[in-house]
Amino acid sequence: MKRLKLAVFSLTSCDGCQVVLLQAFKQLLQLERYIEISHFPLLKDKNKRGPFDISIVEGSVVNKRDIKKIKQIRKKSKILIALGTCATHGGVQAVKNFMPQDKVVHAVYPPGFIKDATEVSGIGRHVKVDYEIWGCPPVAEDIVKLLKKLMVGQKPKNINEEPVCVECRALGHECLLEKGILCLGPITHKGCNAICISAGRGCYGCRGFLNEGNVKQLLKKLTEMGYSIGQIEDILSVYMSNSKKVKRVIEYGENY
Amino acid sequence: MNPYVPKAVEIIERHRETDDTVSYKIKWNPKHKPGQILEASYPLIGEAPFGFASFSEDYVELLIRSVGNVTNTLASLKKGDKIWVRGPYGNGFPMKEMEGNDVCLIAGGTGIVPVKAALEYIIKNRNRYGNVKVFFGFRSPKQLIFKRYFKNWEKDVELYVSVDRGDKTWKGHVGVVTTMLDNISFEPKSFAIICGPPVMIKFAAEKMLNKGLNESRIFVSLERLMHCGIGKCGHCMVRNVFICKDGPVFPYSIAKDLED
Amino acid sequence: MPYLLRDLKAFLKTLIKEHIVIAPVKEKNHYDYKVLESEDEFHLDYVNTLYPPKKFLLPYEENLLLFSKRDGEFSAKPLLNKTKRVLFGVRPCDVHGIAVMDRVFLSGNYVDSFYESRRKNTIIIAIECEKAGENCYCESFGTYKVESGYDLLLTPVDDGFIVRVGSDEGKKLINELFEETDRDEHKYPKSKTFKKEKLAKMEKYFHDELWKTEAEKCLSCAACTIACPTCTCFTIEDEVQDPETGYRKRRWASCQLKDFTEVAGGMTFRKETYKKLRHFAYHKLYWSIKQYGLRMCIGCGRCIDTCPVNINIFDIVNRLGEE
């Protein structure tokens, strides 16, 4: 069996996903015979330039440099994996898409410092992505599972394309919505073992919007529970502002 | 006997049929009926349901179309490799009931699989059946499946083949498979077997009804997502039937009401 | 002959000594089946658990086969769980729920060996209810009452519990704590009920507009099927350990989720939310009679308790044909 050449790249992010990757790679150590880490600047000094069998990209696209970089990565990668909510959906920073570009830039940087800022997005807007691993941060287990599947030649579907509720209930938790707590579980990808809910905190949707999610009805439920549109929008915009369905809710509020 | 434990059998022949389909002849001879199904798998990759594409006491033929994770790998196996199988499952066509009558077989695309098994059964027992007409429809001349058998079949049955879109090399009928039925009449007591995409099944069945066939004598083979093959996993359930266990063959009198 | 058990705690103590005992334990606001460490964790003040005991017979995820390669060839080894366990404090409706699971997995031409193995090694000690919960519908199907399917059945009475033995396994548990009695008391609390005439005519209401209007609320979160004691659908897939070892495993699936009916090539048969909701309701209440000779719904009301948007199948059925 040929060793798979693996690369890790980072765009604009907090680099937290790379820490999770280190955990994942620890679990993959005994599979060194099958997989080789060719490029991972956080881990090693000598990095190869490619081409790679599998490239894992974390971080979102925020400027023209990122766009150029992700296109180059795509070209030299057989399989491209978007890791973490920044790479899959744009991440927390995508919230700035709702404000005029220059206003956002000037709020942080001196005039003229940032020239090539673009709309914030996941990498999927610019290149074809083969697999998405959701989460902020993602779960090491998901990375390990996917890489092992790819190792034997599987071309799996994205795992966890189901709502958080499935795992949450299977684990025996009480529904927070029933208790009056704002929770985005029904419209968020599962795979986190309902970690927030198990601690009594509602889901913030860090694993990204589930395409089948019924935002409209969840919104109705939340307003019935007494949350204001503003409060709901605030939570939705943390991780889901780049999803079309959610965007419409944020833009049109009560009139959606 | 644990029904989920598959058996490894050898691939003794491999044929590329079209761009995205291959067929295997495998060394396996379970007692089975045309129209029944099996689960084929490969370790660490996964399992998927298939129809028996042949009727023989010596081997089983399988047609695999690469459309997903499991089928991509299954279709890439070579002669001599092992493939893992379990079955047969489901009811199969009522071949005995059809004896003494004319039979019309209609298939579209990969729907040829169970129909080929029924056809081979009929040819093996040719004197037990009356006039047998076979209609196969494919998208294009390049999409013909099991073409190498056509000549032989023509010795025993009337075979009609059409393509939706022809090309320079194609001299046969052009049009969807049901258009070939237009000018042909059938004995009202005839039986029909139909397999193909849901829309094609509906059209073909309605056409045969119009030609005077009884809806309980038109048998269709249905496709659904299946994981277990033995009526436990629930994926293939429509109303009160499990396609894997109670089907996949249904008389049109029942199939027409299987609304989700 | 029934027995009288005066000291439930003492009995539990002897059980825990010899068995893994799983019983309803109080969480913050609800009860859930947990392995008992001590008899003091058990308090008989629950109506029922938020989720059913099905996960002990059909776990959320379960390894079925172990594949391993030796000399270049894979072999497949079935992994049967043979742990002896006691499910304690099971309510009568849930005993019926387990009977439905038995019907699904153990009847027909094929016995599900993995379920069978767990089931054979599970002792069921049921306790009748003293009161019904807000969403209990056991009255509809008489599932407040059990005549079989348990190893021991306990009826709470003033001076302890009347105990009935349902199997040889149950008989073995009878010890010096039990005294023979001829008392024949039962506890059958009153609960809500379906309109019988609506249940009988479900076929007629298949196209009722109510399915569509009610489904508008549905979040398709699958909570109802996860909480249902008789929802046992599953998906099988292979997981890789390393390129030479892996598992074929199964995981709960739900008819409410998108890819449940998606076939190779991407076509989905049951896409619309109302069709999915209707499928759930009809399977539980109507089609299962034709399939297994019983109603899958045991009237426990968990699907109502657990639904975040308060969809109530029972209420929908009662209102069918009224618009």
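Think of it as A, B and C in the order they're written, each chain with its own count starting at 1.
We take it that contacts are C-beta pairs under 8 Å (C-beta built on N, C-alpha and C of every residue); 3 or more make two chains touch, one makes a residue touch a chain.
The model shown is predicted, which means the values in this text are computed figures rather than measured ones.
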item: Result of counting contacting C-beta pairs for A-C and A-B, higher pair; value: A-C
item: Closest chain to global C-alpha mean, per-chain Cα centroids; value: C
item: Whole-Å separation of chain centres (CA-atom averages), subunit B against subunit C; value: 38
item: Separation of subunit A from subunit B, taking each centre as the mean of its C-alpha atoms, in whole Å; value: 43
item: Separation of subunit A from subunit C, taking each centre as the mean of its C-alpha atoms, in whole Å; value: 36
item: Residues of subunit A touching at least two other chains; value: 152, 154, 157
item: Residues within subunit B bordering two or more other chains; value: 44-46, 68
item: In subunit C, residues with contacts to at least two other chains; value: 238, 240, 243, 246
item: Subunit B residues touching subunit C - in the complex, by the definition given at the top; value: 2-6, 8, 41, 43-48, 65, 67-68, 71, 82, 84, 223-225, 227-228, 230-235, 237-240, 242, 245, 259-260
item: Subunit A-facing residues of subunit C, complex; value: 27-30, 32, 50-51, 55, 60, 216-223, 226-227, 238-243, 246, 252, 254, 257-259, 273, 306, 308-309
item: Subunit B-touching residues of subunit C, taken from the complex the two chains share; value: 64-65, 67, 69, 73-74, 76, 78, 104-105, 108-114, 206, 232-238, 240, 243, 246, 248, 250, 253, 255, 260-265, 269-270, 275, 279, 282-283, 286-288, 290-291
item: Of all residues in subunit B, those that touch subunit A in their complex; value: 44-46, 68-69, 72-73, 76
item: Contacting residues of subunit A [partner subunit B, same complex]; value: 152-157
